[in-house]
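By written order: A, B, C, D and E. Residues from 1 in each chain.
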Amino acid sequence: MSTWFNVLPEAILSIAATLLLIVSTLASTPAMRDLLRWLSVFAVVASGVALVYVSGSFGLSADGWLNATSFTTAVALVLLSLIGWAILASPVPGEYAGEWFALLLFAALGSIILARVANLPGVFLGIEVLSISLYIMVAFRYTSRNSLKGGAMYLVLAGVGSAFLVFGMALIYAMYGTMSVPELAVLSRSGALPLVAALGYGMFLVGVGFKLAAVPFHMWAPDVYEAAPASAAGVIASASKGATIAALLPFAFLLKSHFLVIALLCGASMIIGNLLGLRETRVKRILAYSSIAHVGYILLGFLAINPETPLSLPANINPDGAIVFYIVVYGLSALGAFAVLGMLRGDNIVTLNDLHGLGRTQPVAAACMLVFVVSLAGLPISVGFWGKLYLFSAAFNAGLVKLAILGLIGSAIGLFYYLRIIVHLFMVSPEMNPRGVVPVTSGFQKSVLVASASAVVIFSVFPDWLYLLIRGFK
Amino acid sequence: MITLDSAIFWTSAVVAIISTLSVLLSRNPFHAVLYLILSLFGVAMIFYTLGAPFLAALEVIVYAGAIMVLFLFVVQMLSPASVPDSAADLKRPSVGQFIFPAGLAAVLLTTTVLALYRSGSLASADDTNVVSARELGVALFKNHYLGVELASLILLIGMVGGMHLGRAAGSPDDAEEDEKVAVR
Amino acid sequence: MLTLTLIIPLAGVLFVLLAGRVSANGARVAALISTVLSLQVSYLLAAQTRLSIAEIDKLWIPSFGVHFAIRADWISALFVLLTSLLTVFAVAVSWKEIRERVTSFHVWLLLLQLGVTIVFLARDLMLFYLGWELMLIPMLFIIGSWGSGRKEYSAFKFVLFTFTGSIFMLAAMFYVYYKHNVETGTLTFHMDQLVQTSLSATERWWVFLGLLIGFGVKAPMVPLHTWLIDAYPNAPTAGSLMLSGILSKTGIYGLIRIAEPFGGEVFADFQPLLVTLAVVGIFYGAWIALSQRDIKRLIAYASLSHVSFILLGMFVSSDMGFRGGILQMVNHGIATAALFLIAGAIEDRLQTREFPSLGGLWRHAPVMGAFLLFFAFASLGLPGTGNFVGELYIIGAALQFHWVVGALAALAVLFAAIYSLRLFTGTMHGPEPAALPAFSDTDNRENLLLTSMAALLILLGFFPGLVTSPINPSAPPPAATAVAAHQPKTTSLLAMNISSPETKVIAAPAVSGGVE
Amino acid sequence: MPFAEPALVVASILFLIGAVGIVVRRNLLFVLMSLEVMLNAAGLAFVAASALHGEPDGQIFFLFILPVASAEVAIGLALAVLIYRKFRTLDLWSIADSAGE
Amino acid sequence: MYGPSFDYPALWLIAGFPAIAALLVFIFSTAMRPKTAGWVATTGVGFGFLWAIYCFVAFNSAAGEGAAYLRQNHWQWLDAGYIQASAGFLMDRVSGIFSLIVTGVGFLIHIFSTAYMEEEEGQRRYFGYLSLFVASMLVLVLADNAFFMFLGWEGVGACSFALIGHHYEKSENVAAALKAFFVTRLGDVFLVLGVLLLAMVATVDFTRLDAIAQVDLGTVHPVFGITNQNLLFIAGLLLLGGAAGKSAQLPLQTWLPDAMAGPTPVSALIHAATMVTAGVYLIARFHVVFALSPQLMMIVAAVGALTALYGATCAIVQSDIKRILAFSTISQIGYMILALGVGAFSLGLFHFFTHAFFKALLFLAAGTVIHSLHGEQNVFKMGGLRRELPGVFWATLAGAVALAGIPLTSGFFSKDAILWSALTTDRGNLVLYGIGLFTALLTAIYSARFIYLVFLGESRATHHIHHPSPRQTWPLYILAFFALFAGVLNIPGLLHWEHYFQPQFGEWTAEPSHVLSAELIAALVSGVLAIAGWFIGAAVFGPKKVDSGRIIPEPAMNPAAIEIETPRPYKSGAASFLYRAWDFDRLYNATIVRPYKSIARILGAVDEYVVNGLFEAGSVILQLFHGFVVTLQNARVGRYAAVMLLGAALIAVIVTFFGTDNL
């Protein structure tokens, strides 16, 4: 069986996306557009199956481009399921649904590539596939000035980011003359890092940091999140971050040389991210800031990784496992929160005042929001709490006490704005709502929401089940 | 001693840098585009001296030929000629605006140069071996087919984006567009 | 029994949700039923723990070694009993006061009860912490949505304070957990294992400090009390009742059941500071209470003073003080609840809590006045109410600790008298304010509640042994052997040996002696 | 002849000029051009690097940069056109300051 | 076996009857008619009285068999460390006498009240607390240990608060009630501490108090690091403080005059039977502790003597009829304390015994007078009531002469015996005796003044007279009888009383010399002095001595500051000073009350702005940081890119200059 075969998941997604584009021209009625939704879901599921099928059957394959260890498979599946969830939850009444789903599929493609890729151009191309489709999703509603604004900003800054990424790669390549990550890992572990490579990795981190919206490369996040359609923002927050982290994981060997840099990114994100949210009144921006902070927590886990050992998902406190766990946890909660916002209003800007009285007019949606926000805040006994506990205990085991304390402080600050969301949701009467929001929610989306909320609840009570689930992917 | 190659290299380097600077400083988009084309030519020459004639050609054809022309079209379409050069966004940035970024750039540059020359650990091939188009093609399609696929997909996505956003050009009516592109 | 105490509130939540669909009263009734049930259950549990410890221990989250481990010895069971009792009261007082979104109110109330019960029963640190934090959100809602005045602000303040404190607590717990893992290689949060962790003195110092901050905020211990001054008055009556009656007890409970075992010998280093803080708190609260214009704020400060009194009893580290503290926790829970109930009733009738617009109410509400007088006397520690016994024990213990502390504690009793009677005379006595609206006396529901509370206090006043006698002399009991040792061979709470005088009468001795 | 290292220096100079351009220019078109300059400089760096090692991989990477750059430009310019329609200007500052919706 | 049986009746019922009555009144208060409430309470106390007699007789028969006390121990009440107390009742000689007086006089006062309170509001409340008052006092005197006694002790305080503030509409009454409670409460603090000390050192079980004498005085106490002797001394002082609080002795006497705010029968109860005598009981009960240390006895005697003098001096100038009696009470209690202080414990009790009668009598009489004058209390607006209320007059006269200690009245015997002991016991001395004598003179003077101003001379009253009902007068007559003849119980030479208490106080009593001749001379001296005093009083305040022009204003109490604020009623500053009760109130207000309040206010501000401010400041700082980081977020691509560039430059610098293989 040729190693071609290992490309199957990606192939399925790309073919499905192209087909979708073609079919979408025929889809004129809403019913048919729902068909498109299911088509793309099917594609995602199919490529997931393919992933499981090819997992572990090859080492490096596609001539060193992809690898398919159980770990990468697990990560890829996590990302896929997140995007699949986004496809289910994203309300697309418009005519151009086909393109939307196609773009989501492209994003999925980029993500799983990033989860599995094993060399530098792969990383670059994966990131580009992901982010270019995201540009378009951000600017999808081109009739709104906001979307155009955000789209342009995202495009330019992301371009800068990837330019740094590529330049860094160039320097690395200039140093070592190879582009395969495993080889780089071996080379970099041997002795002190030469300055050129160090600089190259530094710039590489700039690019990655931008995709992650880690401080100080976070500036774009609030504006873009606000400009983008809620579900797109959800994808940016959950899947694209997760994919970038996944792409970063093979570079764990950097911890030997660039620990200080990453630690700074991590600390700054945890503190400044939460500080930024403190008095924000626009909900999407709040979520953007919280996403920045969460990147900080995830990086904390990344810092705890032991560069010498291969990545794995053991049962106990283990950074790699903790990170994957957290990607799921955070992704679920963030997607859910954004989905609720998406149902809330047609336009982009949702202020806290728009939430007034939701607890009484739309108890179900509000309850779901409560679950998601509590999980984001990491209040016990939410699954978010368990995720944080995994991360922090991993960090603590690795001796990163100071950073862990910083993280605790950060989450204490962060609690403030999460609480504000809750208060505005439940403790203000609907009359106080300036724009008299009557949320438009289709029964379908509602059920999706409830499903994911209850998933969050269940995993909150039995976090191990989620763990088993992740590890079950093989 | 100055060989022909080194002469070409240095002159084209200087040309590239100066013309890029003037892109940065010019006030008229037309001129900017032309300067950029010039700097691309310079880079193409450098490619040539680095033994990548095929890429040099591509640089000229794709970058200068295609992308820049696209720029020109847009510039014409938006006809900033009607906009006076004195428009706020076309003014040449004041020196004050330059200080901060230029400073940072200087820092980055110095670190890079330091890295390149202090460590000197770069394995420099004594003689540049020219990579022919054939070798390139072979390497590309033998080892990097996945990359090619992805690149093509990227172009496809770009096309989708262009099409989607281009739609707006057709319809003057926002209201109906609104619910066409409606997505939350 | 043990699991039922946790299951009933949960089932109650569902029950309330269903009944709430029918009508508001449905929700009320449902909540009442479930709380009364859990009262019954916890009574039986308490009766059982007089003989033996009830315990459940299941591995819950293997990847963390979190156990679902709950154990009820006498003290835990006692506070579970208090909790369910006060929850019944809370439901009852809210009957008329809570008029909108009744269902969700009771849901939150029951969740609160669940959290508190977990805290009192948990033997697993993580489980304890979960219960601890489980109290936050319900309280946030109860204060924030049904409170009065600056309710959101108060709710925020409460949650932020408690959460920040609990972060320190969690850090301390986690450190022990980590050390234990390093030592034994097993991941477990179970207290019985963790207390065996060998920690250096400095480690213990820090761990104890972390736990102290966490619990001190909740108790509250001066100077971590400022959330209370906003939260107590602005919460709905049920809320302040739960806050002052139970949530403060969770802090103290944590101190004696978790902080002290982990603190171990370093507790001695902290003792002077802690005793000082407690004494300061007593006078601070008592003194400021006098200067308040708002009756609920007055009660809040008074409660602060009482809690400090309890803490004093706990900190002087003597059996007597411990017994006094435990007894006083129960008394304070009931008495303050009653005071808040009456204050709430007054506010509900007059829409004001300010002294200047109160006074001379006795003519209109003699019964309420009588009750208020009784509970004011109770809170100033009049003999015949349990408060006296508790305070007497504490003063006695303090006197043994150091005569200055003892003297100050005794003096505090005078101060207590001052603010308590200020509360009474300010509302019931004196000339009526101009334009006093029609003021109705307490209705039967309130009378029933207050009577039962008063009866309880008097009962404890004459038979304090009901609470204290089962307490194991080796107090505070190290968890494992808690209360295994005490005697009474009956499973009724009222198993005081109240013997008729004959038993005590012995033959008349020689001339010097007397007829006994 | 060892032009590789000088070429790398030139590349970084171009790259930084592009970066500075993005910072200082307010007009979207100019910003996009600077972006092109940066990507192109990165490509140049790769070619130089491959010249160092005398193998084609670096040049291949340049081949991957090309489509990315063009795709970005395509979308960017499309956005520019739309933005000009909506805001009657390409000045990113005034666009940023102008109200949404 | 001696259970509660016919021979040994259940003691608790003595307190139980009034308590049950009170309970009934409270529970059915809304259902009951006010009249019924009155009768229920009265019946309860009445039964209590009868039962007390029964128990007392039973005890005496047991005592005949050589038993020192009856005791019934019901259950272990307190059980922690050294605090061990049973809920038990004890009947011995002391508590026997006390319970008889309390129930008996209380009963009479109840009867009186049923008439007195007829028109008043809130009768149910009144009677409920009144009989609860009696019940608590009975618990106080019948308890078998100090802790259980404290139950009654505090109960008395609580009821007195409720009763003094009976007319709660007027702020000054409330203020008076609060004052009474707080001052006595201060005493209680001392008492608690003292009791705890005793419990720690020896025991507070009343049947085992002799154990205190067995304590080795030399050893150093482990907890306090001082010898047991000093410890007992301190404990004694604390007990004295407690006694001073309840018994209105210096320096805690200020509450008693203001306690007049309550209805008059309440004052009668407080002064004669219940509250103020608690201190006497306490010291008598703990006589061992005091007798152990001469200095302590000295202090007690000094306090008693000074208080006696103080009360007399104040009483002599008062204008309010009830204040006169109040100060006289203070003075008379002073006598009792003096007696205890000089070691004549039984005589202290004897004076308590006699005093109970005539003081109750005087108060009830005063009540009747006030009643018949429609609430007029200023003696200078009375006079000439003899013609209107002859019965009341004669009764009052009996009480007055007894108070004055005119020979052959009860007061004479008790007081004279005290003076004699003050002179001749080894604990006594000439100074004490002198003070006592002088006080006796003053006492006689103001007694006479009382009679003359109120009953004799021409009427200065404005109202027409309202005649009392027999339910008011008969108690007066009964009390008058005892006031006159109760003295026979301790006629010098026979001394039944002292012999009766011999087993109780036994070796602790300081024996006065029993030289009959000398004793008779002393008696003669005091008798003559009393008579002389009476005549002086008559001479000064007699008929036609007091013109209606010269009227002393009655004190106006300022509720805010609980003190007597009056213009100088007399021309002489000294008189005004005495009139204002030596300005103790002003002193305490200036030194204690006002500072306390202001500190409270200051602390309140501190908590509001400093302690709370700290935490508020934290949030403010956070918000400042927020503002700082959020200013950069102005949607401008250029600036965002600049920040990115900054980050890149930082990373480059770190990597280059801080080394790559760091950490």
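Some notes on this structure:
Just so we're on the same page, a residue touches a chain if its C-beta (ideal position, glycine included) is under 8 Å from a C-beta of that chain, and two chains touch if they have at least 3 such contacts.
Given the structure is predicted, the values throughout are model-derived calculations rather than measurements.
Common neighbours of subunit A and subunit E, listed by label, are B, C, D.
In terms of Cα centroid distance from the overall Cα mean, chain C ranks first. At the far end from subunit E, in terms of centres built from Cα atoms, lies B.
Two chain pairs, C-E and A-C, are weighed by contacting C-beta pairs, with C-E ahead. The centroid of the Cα atoms in subunit A and the matching centroid in subunit C are 45 Å apart. Between the Cα centres of subunit B and subunit E there is a gap of 102 Å. Subunit D and subunit E have centres, each the mean of its CA atoms, that are 97 Å apart.
In whole angstrom, the spacing between the mean C-alpha positions of subunit A and subunit D is 26. Touching two or more other chains at once are residues 4, 8, 12, 18-19, 22-26, 31-32, 48, 50, 52-53, 55, 57, 60, 64, 68, 71-72, 75, 79-80, 82, 92-93, 96 of subunit D.
The multi-chain contact residues of subunit B, meaning those touching 2 or more other chains, are 100-101, 105, 108, 111-112, 114-116, 122-123, 144, 147, 150-151, 154, 157-158, 161, 165, 168.
Listed for subunit A are residues 121, 125, 128, 132, 135-136, 139, 142, 149, 152, 156, 160, 171, 174, 177, 195, 198-199, each touching two or more other chains. Pairs of chains in mutual contact: A-B, A-C, A-D, A-E, B-D, B-E, C-E, D-E. Those residues of subunit D lying in contact with subunit E across their complex are 19, 22-26, 31, 92-93, 96-97.
Across the complex, subunit C meets subunit A through its residues 61-64, 101, 129-130, 132-134, 136-137, 140-141, 144-145, 151-152, 155-156, 159-160, 163-164, 167, 171, 174, 178, 187. Taken in their complex, subunit A has these residues touching subunit D: 120-121, 124-125, 128, 132, 135-136, 139, 142, 144-146, 148-149, 151-152, 155-156, 159-160, 162-163, 166-167, 169-171, 173-174, 177-179, 227, 347-349.
If you check the complex, the residues on subunit E that touch subunit A are 622-623, 625-627, 629-630, 632-633, 635, 637, 639-641, 643-644, 646-648, 650-652, 654-656, 658, 660-663. Within the complex formed with subunit B, the residues of subunit E that make contact are 642, 645-646, 648-649, 652-653, 655-656.
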